[in-house]
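Have a look at this one.
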Amino acid sequence: MNTGFYPGCSLNGTSREYNESVRAVAAELGLKLTEIDDWNCCGATAAHSMSRELSVALPARVLALAERQGFDEVLVPCASCYNRLSVAAHELARDEELAAKVGAAVGMAYSGKVRIVNVLQYLQEHAAQLLPGKIRHNFAHRVACYYGCLLVRPHKVLGFDRLEDPQSMDGMMRAIGAEPIDWAFKTECCGAGLSVSRTDLVGKLSANILGDARDRGAEAVVVACPMCHSNLDMRRTAINKCLDEPTDIPVLYITQAIGLALGLSRKALGLQRHIVEVKLQ
Amino acid sequence: MEDKKRLSIKLAEDIGVDVSRCYQCGKCTAGCVLAPDMDIAPSFLMRLLQTGTEKADARVLGSTAIWLCLSCENCVARCPMEIDLPAIMDHLRELSRTGGRVNEKARPIVAFHKSFLDMVKHNGRTYEIGLVAEYKMRTMRLMQDVDIAPTMMAKGKLNIVPERLKDNGDKVGRIFANTIDKKD
Amino acid sequence: MSKIGVFICHCGENIGATVDCAKVAEAAASMEGVAFATDYKYMCSDPGQTLIKNAIREHRLDGVVVGACSPRMHEPTFRKACAEAGLNPYLCEIANLREHCSWVHPKGDDTTEKAIEIVHGLVEKVRRNSPLTPIHVPITKKALVIGGGIAGIQAALDIANCGHKVILVEKEPSIGGHMSQLSETFPTLDCSQCILTPRMVEVAQHPNITLYTYAELDSLSGFIGNFEAKIRLKAKSIDESLCTGCGLCTTKCPQKKIPSEFNAGLGRRTAIYVPFPQAVPNKPVIDKEHCTHYRTGKCGVCEKVCPTHAIRFGQEDRIINEQVGAVVVTTGFNVLGTDFFPEYGYGRYADVITGLQFERLASASGPTLGEIRRPSDGKVPEKVVFIACCGSRDPAKGIPYCSKICCMYTAKHAMLYQHKVHGGESYVFYMDIRAGGKNYEEFVRRAIEEDHVNYVRGRVARIYEKEGKLIVKGVDTLLGATPVEIEADMVVLATAGVSNQGSEELAQKLHISYDPYKFFAEAHPKLRPVETNTAGIFVAGACQAPKDIPETVATASGAAAKVAALFSQPDLVREPLVAVVNRSAPPVFSTCVGCFMCQTACPYQAIEREEIKDRSGKVIKVVAKVNPGLCQGCGTCVAFCRSKSIDLQGFSNQQMFAEVEALLETTN
Amino acid sequence: MSNDNNSAFEPRIIAFVCNWCTYAGADLTGTSRIKYATNVRIVRFPCTGRIDFLLLLKAFASGADGIIVSGCHPNDCHYTSGNFHARRRWMVFRSLLDTLGIDTRRIRYSWVSAAEGAKWADLVNDTVATIRELGPYNEYKKVADYLGKEAGDE
């Protein structure tokens, strides 16, 4: 299996700890990841808010590159990129006219051969069987697994996990000794698309999420999406304004939690980069 | 001529969504995290599209709701008729922008998207400092987020210089020229 | 030279607006063998039929083609008219110009041309029709009713009261069906059990009714008037002749934690059990799946305590044969599981329940003795949310149709809750209120105006639990689509009514049609609502589609009337559309070579061997012979016959070849 | 392509259907006012089990460009097993037709129940499109004409 790695812009910028922790966990488990050469931005929310063609064309270039570079699958840790790449692949396969236009715009065709996997799928398929022997100490904490919207929806396109009350992340957390809680905001949107332009709304939506996790006794929120992470971690001032009582609940990437269980250093996992300090071991 | 065409017809032709299938159960609104903050809640927006009047169409294109929609897809996931509301929102945004109907209050959102795409156009990837700088210039919200930027810088979350593709983004620039910036 | 009459019906605008009927009649007039052709506004009307009759007499017609609606609609009407004018009814054929032409094509020359060709095909066919006489067969005047809910009970009683024998088969240990589970009934709020149980007892005591509970239909063969049913009597593990129904066994059975079907999972029952105290028959059965003795060979407590030694662990299923003349299918419906709505709680939250479960909570015979207490902790809920259309009108996750009964029972539930819990608050989330029916709308208004149930127009997006409350996130679409959030103590889902498990298999056993939702199909949705396409098999109640009690009872009585009408005839007159093996003069006798391929193909064992003997009694030849009493006219034997010696009356080779040729002729 | 002016070509399709399922299904198409191509002519049989395959040859000889045979779904036959017999006979017959050089793409075998009005319309439209693509069935007509002439000469 030749797995390509598409970090996307966030993992090279604001969320570089996600990048670091994905690579660190993969390396620790002996899994090889090769970054797609010369990749470009997927366009994210902005592109599909402004132009359908552009929103398909940007991911199409990435997919065409991956295909040319001989990858069977591409790991896309960023949930937003994962969503955009998956939707674009779906649109290209479904709409011949669009595929032709996009192919011409990009200057490369994509034939649909590359499988797009998110970090949870990747971990389940490649890492889960390797974990038992490698865990140094259990990540024995009550955690709220937060999937957000982009990993599970649109379900017909992504076909990943259960639409309401997904379980894959909960399963991974149990595997490293954590106790995932049953809570109500697993797949509710945190408002990432408006993070900069309507911080007020993002504060409110993210406050609902953190408030519920805290109220139900979670010690940390675990995420698999850099948008969710930067909202829940960096927008804490705005969030706390919307909560009756401010919260300092930390927000971890799933790979950071696994990394801790594998005994990797906090620095290797980029934990020092968080705005809200992570004290959990 | 083209612009006089009713939105419902455009939606059917352009993206294949039939607004008459909506029977106004409101489940989209009930599950929408931003419905309370929208000037037109999703199901109400569907109703306006169904009426097919010029006034209703203008109200939809000039709404803030279409710009607030986060594309979280909760609505379509639960819609009993599986009406692709996020796709409708995407298309309405495109029509609103190209038709010059963007609501005053939604300008910062559009500005952000534009700034974001400009970064991508010129570099092939996003570049947060450049993005925020451009966004601030567009919106004149100069003081926004000045509190967290230094922290982010210190934590190594911001790149000082933009990452670029091998050819300085020419390939990606071409994609823009052939899609969103296409003149026809 | 034949003298065919062609009659083109406009069917008002239905055919006339699309097909140029005058032109069709004109074209027909010039067809070979046609002596008379005309068109008329409504051919099925009295003047229309008179027109046909007069033409038959006046022009001495020897064949008739009526171009009208589907023969499935009015073939009997026009054949009867022909017979009244002295023409053999089987010399009349129907050209389907409505369903197969005017309704499916636009107005234009092509459509009129098609109509002409259809008529031409049938003119050529009818030229080769032979006069036929109906066949008389005896009727077994005993009915089989499958399903012992209110529909089956009503049908069985009505038929039995007409003086005919009835066999009632019920798969559960007791008759009563869903109605026995209901608390009060809309719109009168009378107690369901109080009006049902006397009927159940009447069934058990009726001299004309044989009741088999814990029994299922194994197979059905034969045809109208002459069916043979094999019925499987599932082992009850008791000797019913000895059991007195004292109930000691059920109190002593150590398996006490089995979810009770009768209480929709809200109560518990034992492994040897009577489903409910008013059950008919009031004798227990052993549920082999849960019984310790059947699972491990141990226990046997019931056997030890039974004062009459009626327990029979070794008992096996028994199959009995019954000859019946008619069958009424009344197998009822089922409710959709809540797991269809993950966003409403997956069955994760104990206090999110179905409407049927609420019936049990509200019923005096239920697990809470009629007090509304929520399942999780037994507390009286202070705020209850009722959600209509759970699965109904939901093509994405549920079913596209409207379940019809939910609007009414939800109003009833909310009303019962308000009556039982003073100061309680109730909300109904609905899309439309469908309260068509006698006193139905008034009933809903009462719930809103007098019992102050809060009706909110909109669907609920999701429900989650927080600090012991169920957070219901809905919307009020009448307030310009405003999101609404309610902290409820209990939520009741009006889950969709769906077809019963096994309905598809049953339909296949009975050879009756069913719709895409596996509800049984009636022969005609308006004019033959309790008949099926298979003669002698009738349907009633919610096995056709979700129905309320009055409608269920009405269809059951309707089906019973159909059975009684059938049984009122001395014998059965059947269409002579049966196969025949040709006969000719000696020495050939028949072109049949006696290969009996037809015998293997015939699904009805209608083909016999006939020995042709000479005067001395020596067998010269063995040929096939069709028993017209058994033959159903499928014609499979005709296609199988290698020597073309067997033919189907009404659909003979000559007729069909001529029709096909004529349909295509105009192009050549 | 066997024909140059396919655009003007209107295929002649004949449909052999059973009375209980497909005929009723086609009635439902009408009751539901679903529109379909006018090219089809329906012949009613009690059951697909009745359909003698010589009738198919007769239809081609009489000028049909395509044929639909449609009855009840498996297990739903009004006469228990007529549709199975028809199906089995079709399997054998098809290879025979192939050997004889008859274009079996022109015979469409399907199941349409009494509840599938829309499916009937789709089946007809789809068959019309297929046959339009294949063009008129001139080959068979030529043979039939030739045989007819031979027979007439005798």
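In this document, chain identifiers A, B, C and D correspond to the written order of the chains, with residue numbering beginning at 1 in each.
Going forward, a residue touches a chain if its C-beta (ideal position, glycine included) is under 8 Å from a C-beta of that chain, and two chains touch if they have at least 3 such contacts.
Here the structure is a predicted model, which is why all the values come from computation and not from measurement.
Asker: A-B versus B-C: which interface comes out with more C-beta contact pairs?
Answerer: A-B
Asker: Counting only Cα atoms for the centres, state how far chain A is from chain B in Å.
Answerer: 21
Asker: Once you find the CA centre of chain B and the CA centre of chain C, what distance in Å lies between them?
Answerer: The answer is 52 Å.
Asker: Just curious, how far off is chain D from chain A if you go by their C-alpha centres, in Å?
Answerer: Result: the chain centres lie 55 Å from each other.
Asker: Could you list the positions in chain C whose residues touch two or more of the other chains?
Answerer: Each of 343, 462 in chain C touches at least two other chains.
Asker: Going by the contact rule already set, what residues in chain A reach two or more other chains?
Answerer: 163
Asker: Which chain D residues reach two or more other chains?
Answerer: Where chain D is concerned, no single residue meets two or more other chains.
Asker: Dump the list of chain pairs that touch, please.
Answerer: A-B, A-C, B-C, C-D
Asker: Which part of chain A faces chain B closely enough to touch in the complex?
Answerer: 9-10, 12-16, 38, 40-41, 43-55, 57-58, 61, 101-102, 104-107, 149-150, 153-155, 163, 187-189, 191-194, 196-199, 201, 205, 208, 234, 237, 272-275
Asker: Would you mind writing out the residues of chain A in touch with chain C in their complex?
Answerer: It comes out as residues 162-165, 182, 184, 212, 215.
Asker: Please give the residue numbers of chain B that touch chain A in the complex, ascending.
Answerer: Touching chain A from chain B are residues 15, 33-34, 37, 67-68, 70-74, 76-77, 86, 90-91, 93-94, 97, 108-109, 111-114, 116-117, 119-120, 124-128, 132, 135, 144-145, 147-148, 151-152, 155-159, 163, 165-166, 169, 171-172, 174-176, 178-180.
Asker: Residue numbers of chain C touching chain B in their complex, please.
Answerer: The touching residues are 343, 389, 393-398, 431, 457-462, 473-477, 480-484.
Asker: Per the contact definition, I'd like the list of chain C residues that touch chain A in the complex.
Answerer: Checking each residue of chain C against chain A gives 342-343, 346, 348, 462, 464-467, 471.
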